[in-house]
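Presented sequentially are two complexes of subunit A, the first with subunit B as partner and the second with subunit C.
Now for the complex of A and B:
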């Protein structure tokens, strides 16, 4: 079921199994039949850990979403709340419990806090006088969730906003905890590198936590050779750019949540003919995307311009394989052919799916609007006209383009220009107030605080220097047969990944100057290993680095890291971890404030 | 923070006074731009309130652009023109708006006049 997790360089299935075991232990504590009441936000991440079948084995009979009022009636002995530790959710639970009490039912209540219990929440329950109603109050530590064979995510949406805007370091604590847990399963990571304020905090916390457990030595042979912690605000530019890999575009256009994507049904309609039901056509098609699907693993990280060729090549291989049956003469041969059929049919349907998706995407990428948008982005990244009001942005505002798109472009211009001239900045702001409303004052304030959309403070613009030293712009990006990571954005090499690449070879010492221009400190720490655990390296064996993006990572960045892993002379393989998988739209969205919608 | 508080307030007079406090704060912080933008918003709200009372329109809370759009759609060209001048809307954006709204209503004669 989770074959895609164990196929990678590091077997992430161990992590998943550990998480599942813990869940089982908790479920078994509540004897008898159960109903789970879900905090809706958690269902997605949990789906990556345990399917319904696992819950069912442990007598979970009903599942509901958390809402105020009564818990729907169900013939169960236990009611378990799976919630994040948030006060507003506590109030709903209180409401649930009270309405249940009125019915004098003899159910047992339990709470499972994910990922940590909080004193504040328990206090709230106590104030409301229901704390005593709960038989079990436990926490379920769900920090790093394995999403794919080389990808871990905390699925912690607000991490970026909390860390950098609200100065709330809860997510950093979770990160450090998660990494400690990871080390318990995969061995102590000998080398820690980092860049940025938050990275520094996380590393400090990790080292402190480790000292607290100084008595017990971890005797597992380390799987990871080093850990690299990167702050998202070291590289603000990359998430703003439109991703141009296949997976990146799917995310940009349709949004991938917890490994699933929902697609418009029209293209997939013909397959449902047999069922003849009309409602099916209006329902969006939901597809799971991960490396378990052979074809998807092959094309997900390609530049979209190379996907078409890959698909048609695959189509030829598959139809050739089906043609084989004509050559099958003997019984043995036929038998062999038949045994391969299920695999071939799966391959064919996956091909059909991805051809449809690629067609849908192509409609968009070949549109004029997409092209114009990309042209402006690339102009900014190469440093053309970043210091004056951009007419394209003006036009888009006049036509009421979606605000997130406008903000993405404006922020990009600001980042590439190391801030905008006061006059330009004010002009943009006025435009936004007039066209989209004054309420966006707060959002713009947030962006300014993050350094995404800010006035120029010094007259020197560092960005061109950074671009040149780190070779962020490659004129001749090869999309079909890439030889450099810049292929993921058709020319722009993501800054974050360049840093990772340079760390492996030749090391950060060579780029001290540039590192100083980027925000936050850079550092290096060693963790002592007990004797005898030092890995003896075989000839030609690759080293493994865990790269942790604090504040989110995009699919295109992941693609670039996978590309580096595959490079023959790289000598380094990467596993990626993050607080949340993001794209420019969802990221900007998380920084927006909507005062109007909060109104009663 | 007065700005977000003002949105929680349904009643107009209180909302305006909260915004006025925001203006004062911005002035104290020497943030001229934000103060000016807030004043503009207050001016817009007053304009909308007056028109809503006089002509029974439903403009309150819309952005400037949306207000002008609504005015043009209702045929209040003069009022839209007034906003355009009062708030120094960039010419380009206003003409876009005007063209679109006239085309929508198929008032080709009015269009000819440009």
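Now for the complex of A and C:
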């Protein structure tokens, strides 16, 4: 199931296998038959590590979702709670334990905290008098989950909000721990670069932890040449822009969670013969998206406008392959054709799925609303009329557009203008409060604290300088045969990726001035390698950089990095890590203060 | 804030060229090919890619299994019943592995082993918590650990008797060593101990000089819902605006509307920034007003004077204005339900008021009211005034509320830009306008073409014929 993880530059399957091994070790500690009670949120991330078969091999016979009341009856020796360290979940567990004891006193209870145990939670269990009921309380360190052959995510949704809004650095501590664990598997990373307050903090913690374990020398030949830590708040602009790659648009429109997307079923109903499936069609179609699927790997990072051509090219190849059957005359030839059939059918099915998705997306991208929105975005990013109230935004408010969409545009205007004039800011705020409710004061306050929607503090707007120096806007972006990363936003080159690109060549010294305009310090650290572990580089061999986005990364940014990896004269390959895969809507949503968005 | 010309300009100007589909539609080509292949070969759908259960989860995945076992224990009360057979899930494995030319089930066993070999010696093991039995460990605390040792033990998930740190100095050095681990978990554990054993005054004072610990303490109070302590803390730190907002946030969890109003009223005296303070006051005034409107309307509903409506409570201001435009449009300005009164009280901009009233009255099909919005009373009598938004938007709003053509054409005619006017008139079938414009432009060709678009034998067709046959008109083509 995970063969694709080892197909990249760095074999990320090692990480997955390590995680699976930990899981087996823990399961075997609870000897005998087991039932697992799941914090539902965790089933997604765990799905990237293991399937049910692995659990079953270790005598997991039943699985339930965590909820109040008693754990459903199951004739097992152990009941194990797989939970995030959250107080509200502890209260449910307490309730479970109390309801349980009277009925089955013979079952053993265990807790597995993911990704870390929490003394606060244990304290809660102790106060409620149930701490003693647990035989094992353990943690399962699921920091960096391999999502694809070049992509790791902590799936830590609230990381950005915690770090930048609430100043809570827990996620940074986990990041540092995760990186230390990664180094244990892939060798010490000799060079660390970074930009931003959080990046600095993570690097400091890493170096410190490394010193504390100085006794145990890491004898693994380093796989990564360097690590680049980037704060999300160094580049607030990029996530606000609408992603225009295939994968980016799927995420913008339908949302990808833990590698799966749910799609409206109509387009996928090509043949469900005889199942009388009218009502079944209302269920959303769930599809897994990763590089294990050849066609998807080929098209996901393309600008959507180049996807049609790729699909139709593929269609011709597959049609031709099926036509081959007419040429198969001898028994051997027919046999060979038949042996190819499963492969061909898989390819056809993959083509059918992506054709359907492309059709769904195209309906949206060709709509007037999408185009108008994109036009305004592009005007802002090129610096047109960013200093006055925008009629389009005003108009969308009047038409009760979804608030997150409005906020995305307003924040983008503010970022591209380095803050808004007080008069403009006040006007927008009034409009929002009157049309959507005064309670959004809290959200707008958050956005202001983040620097996303703020008053202009100096009269100097340095965005144009940043744009020009880093070449953030490319007039002639080539969507079909890209020659620059700006193709992922049809003109806008993501700032974060430009910084990455410039670090590799010619180095950050060339952009000192701009780096100073962006928030937080930039730095470089070296980690000593034990003798004999220095890589002997072959001529022309590419270097490998791990880029870690603290606070989230978008699919379009990932596409841009993959594009750089594939550049012939690039000399650098990238592996990407992040606290969470985000898009503008999920990101702004995480900063909102509203009862609806406060769900666990 | 923006003039009308800006508005028109926005809608008519050309757009940036990027992200535009070319003339040929390749997605369509691909669709045709897919459909063709389906015809070519009788395909067995069961072999498609991965199997999915009706819940949408792939067969064999964890989330699928959770649902399966839950269902099976529901159906068989005792729950000993069959767990989903793994043979079933094997058959559901993806064909993608075939695609890659590898065997089912991912990696061969041999590779497993080699990874494990690497892992056993790797320092990763150091970070994994040791197995322990809390039943046992929570009893025996005899050792005398230093602050550093205590922090380290906490970090490793081992029990530590914090009670032995008695003096303030000891407690603070424990806190400082916890801070230097950077581990929020450890810091929080120590803070819980300090909170229990120190006076608030002392604790707050010490936290003020330890920003990291302070952040974790605030986080802890947030998580445990100790609002009161948190407010005290923010007050002691002089972060009054933050405290005010935090307190205001409470209103979100109050469900009773009268209590919520009273709570908002009590918020008015909090030390908000001047700007926020005005918003909170508006929020309170709005809810108070909504409660008044609601009370009278419910009475009227019971008396049969008003049809039953959705509750106006907790609606945003503009939605409240729309509600009043629907139900109380003709009330005198002095009445608290009157739209004009709402507009006055909350200083709603002319544009917002105009759009809301226009949409509401159009939806009610109250065309005289719509018309009246465009009139202003001067001492000489009624005059036509320029609306605060473009006529194109006016037409748009009216059309969305299904205004008939006779109404629409009055407003289409007001659009200044000739090109825009004619395209709108065509879009909304305002034939008269189109015909008159072609006549004025003396554009015979366009007129002939447009003849095909009007109904056969209709009055419009006759009018076109009349014009085309009119020898007095000197057509330009």
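Convention: the second predicted complex is superposed on the first by the 592 of 600 C-alpha atoms of A that agree within 3 Å, B and C clash if a C-alpha of one lies under 4 Å from a C-alpha of the other, contacts with A are read in each partner's own complex, and residues count from 1 in each chain.
Methods note: a residue touches a chain if its C-beta (ideal position, glycine included) is under 8 Å from a C-beta of that chain, and two chains touch if they have at least 3 such contacts.
Just so it is clear, the structure is predicted and the values come from calculations on it, not from any experiment.
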When subunit B and subunit C are modelled together on subunit A, clash or fit: clash
Per-residue contact with subunit A, leading partner among subunit C and subunit B: C
Which of subunit B and subunit C A:119 touches, first, second, both or neither: second
First, second, both or neither for A:327, with subunit B first and subunit C second: neither
Which superposed partner A:348 touches (first subunit B, second subunit C, both, neither): second
Which superposed partner A:457 touches (first subunit B, second subunit C, both, neither): neither
First, second, both or neither for A:437, with subunit B first and subunit C second: both
Footprint overlap on subunit A, comparing subunit B with subunit C: 394-395, 398, 426, 429, 431, 433-439, 441-442, 593, 595
Contact footprint of subunit A on subunit B as seen in their complex: 1, 3-4, 6-8, 10, 33-34, 37-38, 40-41, 44, 61-66, 87, 89-90, 92-93, 96-97
List of subunit C residues in touch with subunit A within their complex: 1-2, 6-7, 10, 15-16, 18-22, 25-27, 29-34, 36-38, 40-41, 43-45, 47-50, 52, 54-58, 60-66, 69-70, 73-74, 77-80, 83-84, 86, 89-90, 93-100, 102, 105-107, 112, 115-116, 118-119, 122-124, 126-129, 131-135, 138, 154, 157, 182-186, 188-189, 192, 212, 215-216, 218-220, 222-224, 245, 248-249, 251-253, 275-276, 279-280, 282-283, 286, 314, 316-318, 346, 348, 352, 355, 393
Residue ranges of subunit A in contact with subunit B within the complex: 394-395, 397-400, 426, 429-431, 433-439, 441-442, 593, 595-596, 598-600
